[in-house]
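Note that chain A is present in both complexes that follow, paired respectively with chain B and with chain C.
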Partner chain A sequence: MADFLSAYSIQNWLESCPQAYLEGTEYGHQPGENEPEDLLANEVLREDAIRTTVQLVVGEKCALAASSGLINAAPDEGSKCFLATQTLDEARHVEVFTQRLIDLGVKKKDLDETIRRHANPNLVRFAEVLLEKVDKKDFVAGVVGQNIVLEGMAFSVFEMLKAVTDAVNPKFAHTLAGTIADERRHVGFGENRIGSLIKQHPERKPEIEQMQKDMSYHMLATFAASFRNNPAREQIEQVKEGMRESGVNAEYHGANLSELSPEEMEGVLSDTVLEEFKVRLGRIGIDYQTPARP
Partner chain B sequence: MNDPLEAPVDEAAAAQQRQRYELADDTGFDEVPKKYRKFYRRWQGDGDSLAPNEVICPVCKVVIRSTRELRPGDRVYCMPCMSRLVVVRNGQGMLEATVSY
Partner chain C sequence: MAVRDDVHELTGEQFHEQVHSFEFWFHSVEGYLSGLEYGHREGAAEPDLDDAERDRLISVLCNYCVGETAALDGASGLVAIAPNRHAKIFLSTQVVDEGRHLEVLLHRMSELGVADPEQEIAARACPSLLQFKDRLLELVAERDWEAAILAQNVILEALEFAVFHHHAKTADAITAEVLNGIVKDERRHIGFGENELGRRLRDAPNEHRRLREVKDELDHLVLDALEDTARSLGVGDIERHALGRMYIGSVQRLGLDR
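So, the complex of A and B:
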């Protein structure tokens, strides 16, 4: 066990993250990279990008509150060290996605109001379910909710967004690549640390399974609101048509996203995340609970 | 040991039959310290395939590469997500990794 926890050191994080894939970056992307001109010039698409980015900021603010809140609840120094590095990762994510809002034209004085206006209520509820556990200093439930459910969702959402933006928005794709690399460590910690702890506390399983079910429902409702009835639907279809004409294959889990309708994209993302939950929770001995579909 | 292959199974009996691999220095993977980067690469999606010295980490989906051919029972380490894994053969006869907690 001592050997397993020794990997969670500040030195290891320094060499793997700031001195590795983040070296030379500015707000997560290469210096000089900008949002595409055609995105900034199209008011409907720009508003859609702001709306999407706000959900990322809200999710990352939740992750920042959860990872920092869990440090003092952690039962060992290795976990405290890891959560300290994760806290900095999450603070960086809040910063880079907030910077993207500014890059998209949101004035600094309007940031809070913009986030309040666009934040999906289901995503806010998703965060509240997790932060209730964190407030109670419940380390096991907090890490499952944060590092398996929240980070598992973020991992899949970021990968899908990266697949869509790789060819059309290198700046945002580079920002996402760095956050995906961070998420690898976070989901790894969740599985490895809780995988051993849950064996010592099997009586916690029912409560944790209910939390996963509740969080999953709010996540699916957030996806539904993001993909269905999107006011930018027509403009997004035009972008996808341009991608198809250029031969861009936005591949995500075997599907070419440029060929899918918003409802089909929602289905692919939802199924991918839920399947990941099922597999990850099953590995650590927790029974996945199927949520209601909004 | 630098190689992610931490504990080969049946080392004494199988050492001579294990194929060795020269790993390219730069796979484009930059999520671990420089000296370890050749041991990992990103999975490229549907058109990609695994060599006999490679296995996918089920936790973070990165491809782990060894200087030696991998076999069921081998223990490997995934540095990007810090998971300890055991190589097994799945129902389709392919090698895959399971997490060891």
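So, the complex of A and C:
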């Protein structure tokens, strides 16, 4: 295990993250990059971007609370050190997504109120399920909930957002690229560290499987609320039409997102995340539980 | 880069926002950590220590690890109770600093030939330091922000600053380089603690008395640990008193002795 953990050392993190893919960035993107003018000028699209970014801030705040809260429960120094790097990664994500809210025109004094107003209640419940485990200093359930379920969801959502914004919003796409690289590391730690602990404590499996099922349901309900009945639906369709006319292929897991309806996009995202859960949980010896569909 | 070079041009609010950001942390540490491997330059020659010197150094490093583990557990717990986003982000940078300190000290022990550093730490840990750690984590668990910040970012950090700063002057070149890198981080942490508590004490002067009681309770644990470390380092009486004064001076800046 010591060898595996050495790959997740702070030394490696310093060399591969701040001194590598974040080098020269400013709040996660290239200096001088801005949100597109046509996004800022269109009130409906700007409001939609704010609503989407708020969900990212809420998810990252949960990840920050979970990763810092798990340090005290970690059974060895190597895991503590990895979670220290994850804590700072998550804090950086909170910082860069909060900065995006400001870039989208939210005044600093209105940040907390904006986040409160737009936070999806299902996502808040998703976070509460995880943080209940963290509060109990339950390292195994906490790491599965945080590094497999939450991070797995974030990874897929960020990838989809990046596919959509690559051509139309390079600033946001660059911000997402850095967070995706971080999430990949976090998911890797979860899979590698927890497998052996599950083997040592097989009696914990039913409780952890129930947590995964509950969190998955709240995640699907969050997706449903984001894609269906979106007040910006018409404007988003116009953006997608422009992408199609320009020949942009927003490819995500074999689908061109610019050609899909919101419901089809929801389906692709949900299926992708759940399939990833199944594979990753299988690797650590947890039986994936199919959640109810909202 | 969003971080402004001249902090004097910033308003008070902008200043706090900047110095508590990831961006500020990154630009602070990249200057002195860039090119280092586990806190020191690669290929530096190991000192020629005899068995007794090596054993004393290992005992000291073990206790530094106890202190840094306390700081890591304490800072990570403080993230959850921090009163605002900027404090949470600053404490997250502190969490990774403390994790790095623990990692480089463990690595230094393995360079000195310690096969199982964690076992060695358990065997050589100073009881006063362990008691301090327990009390710090109790304050964090009680969500007592002011008292926990006092214990963590003023008392513990001031102790570490005084000891590491002194030890770096006489240590072998590799250990000295590791310690000097840690001391640079500690300055930032102490700055946050003094600033945070200074503002709160100004706004709520009746907190003075309560925090003085916390300080008095922790002082003897800290001074015991200081004594223990000074003994392992072979520090003489005069220097030992100077170390004690250095620690007390840091805590006095908050006016808690009055």
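Rule of thumb we're sticking to: the second predicted complex is superposed on the first by the 294 of 294 C-alpha atoms of A that agree within 3 Å, B and C clash if a C-alpha of one lies under 4 Å from a C-alpha of the other, contacts with A are read in each partner's own complex, and residues count from 1 in each chain.
Heads up, the rule we're going with is that a residue touches a chain if its C-beta (ideal position, glycine included) is under 8 Å from a C-beta of that chain, and two chains touch if they have at least 3 such contacts.
Nothing here was measured: the structure is a model prediction, and the numbers come from that model.
Q: Quick one: classify A:Gly105 as touching chain B (first), chain C (second), both or neither.
A: Neither partner.
Q: Of the two partner chains, chain B (first) and chain C (second), which one does A:Glu77 touch, if any: first, second, both, or neither?
A: second
Q: In the superposed arrangement, which partner chain does A:Ala65 touch: chain B (first), chain C (second), both, or neither?
A: It touches chain C, and chain B stays clear.
Q: May I ask you to decide whether A:Arg185 touches chain B, chain C, both, or neither, giving the answer as first, second, both or neither?
A: first
Q: Output check: A:Pro36 vs chain B and chain C. Expected answer is one of first, second, both, neither. What do you get?
A: In the superposed model, A:Pro36 contacts neither chain B nor chain C.
Q: In the superposed arrangement, does A:Ala7 touch chain B (first), chain C (second), both or neither?
A: A:Ala7: touches chain B, not chain C.
Q: Would you check which partner chain A:Pro170 touches, where first means chain B only, second means chain C only, and both and neither mean what they say?
A: It touches nothing on chain B or chain C.
Q: Between chain B and chain C, which one contacts more residues of chain A in the superposed model?
A: C
Q: Of the partners chain B and chain C, which touch A:Glu90 in the superposed model: first, second, both, neither?
A: So A:Glu90 only meets chain C here.
Q: Given the touch rule stated above, what does A:Pro262 touch, chain B (first), chain C (second), both, or neither?
A: Neither partner.
Q: Hey, what residues of chain A end up touching chain B and chain C alike?
A: Residues 19 of chain A touch both chain B and chain C.
Q: Can you check the complex and tell me which residues of chain A touch chain C?
A: Its residues touching chain C are 9-11, 13-14, 18-19, 22, 26-27, 31, 64-65, 68-69, 71-72, 76-77, 80-81, 83-85, 87-88, 90-92, 94-95, 98, 111.
Q: Enumerate the contact residues on chain B facing chain A in the complex.
A: Going through chain B, the ones touching chain A are 30-34, 45-46, 58-60, 62, 78-84, 99, 101.
Q: Name, in rising order, each residue of chain A that touches chain B in their complex.
A: Counting only chain A, the residues touching chain B are 4, 7-8, 15-17, 19-21, 181, 184-185, 187-189, 191-192, 195-196, 199, 251, 254, 279-280, 283-284.
Q: Help me check something: in the complex, which residues belonging to chain C touch chain A?
A: Touching chain A from chain C are residues 1-2, 21-23, 25-26, 29-30, 33-34, 37-38, 69, 72-73, 76-77, 79-80, 85, 88-89, 91-93, 95-96, 98-100, 102-103, 106, 117-118, 137.
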